[in-house]
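Look for subunit A in each of the two complexes below; its partner is subunit B in the first and subunit C in the second.
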Partner chain A sequence: MTAEPLLAVEDLVVEFRVGRALVPVVRGLEFSLSAGASLGLVGESGCGKTVTALALLGLLPAAARVSGRVIWRGRDLLALPEAERRRYRGRAMSLVFQEPAAALNPVLTVGEQVAEVLRHHHGLEGATARRRALDLLREVRLPDPEIRARHYPHQLSGGMQQRVTLAATLACDSELLVADEPTTALDVTVQAQILELLARLQRERGMALLFITHDLALVPSLVERVAVLYAGRLVEAGPAAAVLRAPAHPYTRGLVRTLPELWPPRRELPDLPGRPPDPRRPAAGCPFAPRCAEARSACRQAFPQRIAVDAARWAACLPEVATRLAAEEVLP
Partner chain B sequence: MTNGLDLTLAAVQLRRPGALRRLLANSSARVGLALVLLLALTALLAGVLAPGSPSALGPAALRLHPPSAAHPLGTDVLGRDMLQRLVWGSRVSLLVGWIGVAVAVLCGTLIGLVAGLGPGWLDRSLMGVTDLFLAFPRIFLVLLLTSVSAPSLTLVMVVLGLTGWMGVARLVRAEVLTLRERDFVAAARGLGLPPWRLARQHLLPHVLPVVVVAATLRVGNIILLESFLSFLGLGAQEPTVSWGAMIEQGRGYLLEGWWLATFPGLAITLTVIGYNLLGDGLREVLDPRRAGGGGEHDR
Partner chain C sequence: MTAALLRVQDLRVRWRVRRGWFRAATIEPVAGVSLQLAAGETLGLVGESGCGKSTLARAVAGLLPVASGRIELDGVDLVSLRGAALRRARRRVQLVFQDPARSLDPRQTVAAVLAESLAAAGRPGGAERDAEALRLLAEVGLDASLAPCYPHELSGGQRQRVAVARALAVRPRVLIADEPTSALDVPVQARVLNLLRGLQQRHGLGLLLISHDLHLVRSVCHRLAVMYLGRVVEELPVDPSRQPRHPYSRALAAATPSLRAGLAGTAPQVPGGEPPSFLDPPTGCPYHPRCPQREAGCLEALPPLLEAGPDHRLRCPVVQP
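Moving on, here comes the complex of A and B:
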């Protein structure tokens, strides 16, 4: 037995009520994270990444039905009433949103928004909370924190706004940071700075990190392990470097092949043909089968079993396909 | 639903420097503010402007004198100076207007926030109570409640407040329902902030402009209702001077003493107009899309 994980997600299912129907968006997710570890959750738009993040924190709207288990240090958070659930938000895990501009309250100064969290979680008052908020804004490298703290969100750039939302999550002293595409709304140079900041904060504070992204290229520098999500299901998981070097699942392979290379320049970027399936019409079998070059008739009957590619990796694919693909390196 | 206000912009407008300057650039707000300030000063300085007791009997010879140089607004049936009584009466109007509105706005905002943020069953029951109150004609409710005990000004203020919160509650709830779908509310919840902090820190600043406008527009309404109650004898009692009671006293002398009912009536009208103009002006200033020049947004 290994040590008890910080967070264990078991058979997480999220369905949305649409009219009379229940549309499954996340279908049986399973992963775990130990304290201080990092995991990348990768997938295309609409595969259930954000819904997963919101489900972990219990922030989904009432139209969503969540089942399965989200076990935090041995306690199933999904079984808790809202009042108790709330105590885990912030303190246990906090969430960084994709759009920093929308995640900040437009009518409060950014310093106040960080100080408010300190007041709640640490019982700090007045000047102490403000001073500590400044420390945090300094820690996330917000330029001129004394001046910026008195600004409203719209007076800051996107990168600065994202630094502020990070400072607010740091104010909780969370053990797990869930970052939902934290750099998607930012331009590329700022993106690199924010990722660097995330990596540094994780290292210095010993936080666990769940990094959610559609961009596989961001993964290896930031996280140890990666899990690939397709149509609400995990299709492959393993050490980030190994998965990227030789993906065992045809979908991951497709994603890796679409990564642009800086050199040598390719004339045309390969794409992944087809689109993700409509969650309103979940098909039996492997959801990737319609887009998969390797698909056999068996793929359309039932969702494939997980195949252990090696001790640390698995893929939900046919054994012969997974082992063959895992032996073929795509990236050097 | 929102008085056509863009809440976020309005809340930012309220906090930007120069709010008063922008308010004064609006002509209806300027007139309204002047009337409201004039009334407030009159009430505050009543002792200086019109020294002496407004209810002490005047000399018998002075009964029912028409306006003259000594008594610009005439005297009443008991020989008391009308101007002096009018000045003192402004205190009652101001007091009842503001306290009544404060009670209404406080109850309404609280109920609206709780309904908007709370679980579905709480929202449904609170809105049910609100609809119940709305379905009951306010004036019956007011008459019923004011007649249960001896008439007093305190009772009038409380009753007018407790029967006037429904509109504010609905406004605030509607705002909260749209606000809680916004990312920053989810983000604040994600940081572990409990509902009361969420309401106070994140939602209240957003609904404040709506509440300020609604409150200002309601002051006039409540002053009008107070006069009505005093006119019926259910409000301020002698020796307290109230405009409504003054009209009531002048009711029997409309022909021989036209000034008795006319001047208090005029005072009520001007006050109500003042608050309504100020409320309209505030709404326009707080809505940058309608107010000229206030719309620039450094983004």
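Moving on, here comes the complex of A and C:
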């Protein structure tokens, strides 16, 4: 990467005030995205994926304390006052949620909602905004857009609702789309449609994509790079195909091995014992150590350094473990 | 196949739904389903949401009125039973739901949930019941220290174990699990399914596993049934050498995300069309508007479910051998 990245996240820390304590949920994230590039952020529930997305957009509640840097084209968004920050929301990046029904306004027709975004961001008015909204609904392949534009969200299926939220996102002309589990609430058939739509929008509009998911199977066909999040820290990152083919971190490996697709037929299913640590009791050392078959005493002392597996990928693990695992393909 | 424990025959569920202000319509979310399940066998039921699979599960568990058909458990038709006999028989088919956070009462402790279920099964009270509750907890792999906990104090996987223990308390013969792991993280899914399999083997349960995840069904189940718009369109043994043949089963398989396919450069394939509505079902084969292999005859009559090989039934004359 030679050009300045579109987005660079440095040492991002998010803590939530719970009573008198500060609970760290994101503990020093670092990643960057160039214009038009795509990154998958994967991990189990509670690992800090959604909190990261909300922190990028500046949408966390007041109980959250955010530090570090979120640098957009060279400007640190975290240093900006809210009034200025708002200008980056939508224009620069926008967010698509897991539950489209919760993101849409139930008392406005979907055409009106997309038109409203166009009025707000581009100052379009009346018939022009409505015509342009219809174009966008067509672009996301909403069936019968002329008729559907006059419908309210509850009259549409989940897949159609997600298309509408994507159309509203396109109305902002965002350079980065943050999609937080956009297909979790949908059927596999509809999921395939939305994934294809995301891939097409990225290709045709040159939009950068931060795709957040717990489902590793969705990653390789949609994004170029993947970053694995565990207990608020990145444990491994690199080209999606290389990382998922032969994960260098024992956690990534555990996630891949427990995919239903790789389960042996009608035998004991592979387990990843234990569960993620309680963020209220952050331990020193590698947060995965208590569940890790490769753990040594050093792992419990300090969070491991990043080991470069090759020029494009790294893992936060013991050098000999990461190098050995990265040489072993996990798919039988 | 061994003798059937559960035999569902031509089961139909009908609902009256309102259309607009004055009109009403009858829909049939379960439109003549026949299934069999042997003791110790796992049957996977897959299909898109709204295909009627959850309605079928609830009807078989006796939670919904049935319009017609038979649900035989050990040869006794549950549909014809009434009163106390029905209540007794109904216990023998238990349902575990997708979201344990919603199926457990937030104001009941784990111990109270199990005690209630044991009482409903007519088991003795007092110390004996408490001991039985602890035994159930151990059986689903939960520590006795969780007995005084409320559901919100448990993880998703632990809650689902409580829901399974509650179902076991009444000593069922058939367990119907409706998307039991879709709300759980992948590593936890495997653990809950291992638990279900262990219980099934120990108690000789028939297990009907409803899922939208074809990979999961393929690795866990003995047989697989694919449902579309209220009907079974294909039923076959799970066997790597036997691929589903119905165009809908194949579309579903191609749309299912796969790491292996993704790494080989193949994205999930987008099937054509939107799922149809029970309110306005297509004529002929209900899948014909979306089917790439449609022929003229498909628009005319509903194809019958025919034998297509050993233990394989198929509702498609076009791909029928």
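The rule is short, and it goes like this: the second predicted complex is superposed on the first by the 322 of 332 C-alpha atoms of A that agree within 3 Å, B and C clash if a C-alpha of one lies under 4 Å from a C-alpha of the other, contacts with A are read in each partner's own complex, and residues count from 1 in each chain.
The criterion applied here is as follows: a residue touches a chain if its C-beta (ideal position, glycine included) is under 8 Å from a C-beta of that chain, and two chains touch if they have at least 3 such contacts.
A quick note: this is a predicted structure, and the numbers were derived from the prediction, not measured.
Chemist: On subunit A, do subunit B and subunit C fit together or clash when superposed?
Modeler: fit
Chemist: Does the superposition put A:G254 against subunit B (first), subunit C (second), both, or neither?
Modeler: second
Chemist: With the two structures laid over each other on chain A, which partner does A:P287 touch: subunit B (first), subunit C (second), both, or neither?
Modeler: Neither: A:P287 stays clear of subunit B and subunit C.
Chemist: Determine, under the contact definition given at the top, whether A:P304 touches first (subunit B), second (subunit C), both, or neither.
Modeler: In the superposed model, A:P304 contacts neither subunit B nor subunit C.
Chemist: Could you say whether A:G48 touches subunit B, subunit C, both of them, or neither, answering first, second, both or neither?
Modeler: neither
Chemist: I'd like to know which partner A:P277 touches here: subunit B for first, subunit C for second, both or neither.
Modeler: neither
Chemist: Scan A:Y152 for contacts with subunit B and subunit C and give back first, second, both or neither.
Modeler: The first partner, subunit B, only.
Chemist: Decide which partner touches more residues of subunit A, taking subunit B and subunit C as the two options.
Modeler: Answer, by number of touched residues of subunit A: C.
Chemist: Check whether A:H121 is in contact with subunit B, with subunit C, with both or with neither, and answer first, second, both or neither.
Modeler: First partner only, subunit B.
Chemist: Please give the nearest C-alpha separation between subunit B and subunit C in the three-chain superposition, to the whole Å.
Modeler: Minimum C-alpha separation, subunit B to subunit C: 9 Å.
Chemist: Contact residues on subunit A for subunit C in the complex?
Modeler: Touch list, subunit A to subunit C: 44-45, 143, 157, 159, 187-189, 191-193, 195-196, 199, 214-222, 241, 244-245, 254-256, 258-266, 268-272, 275, 331.
Chemist: In the complex, go through subunit A and note every residue touching subunit B.
Modeler: Per the stated touch rule, the residues are 54, 57, 59, 61-62, 86-91, 94-95, 97, 99, 102-108, 116-117, 120-121, 152, 154-155, 165, 168-169, 171-172.
Chemist: Across the complex, what residues on subunit B touch subunit A?
Modeler: 8, 11-12, 15, 120, 181-184, 186-194, 197, 201-202, 205-206, 297-299
Chemist: Show me the residue ranges of subunit C that touch subunit A in the complex, using the header's touch definition.
Modeler: Subunit C reaches subunit A through residues 48-49, 155-157, 185-191, 193-194, 197, 212-216, 218-222, 238, 240, 251-252, 255-263, 265-271, 274-275.
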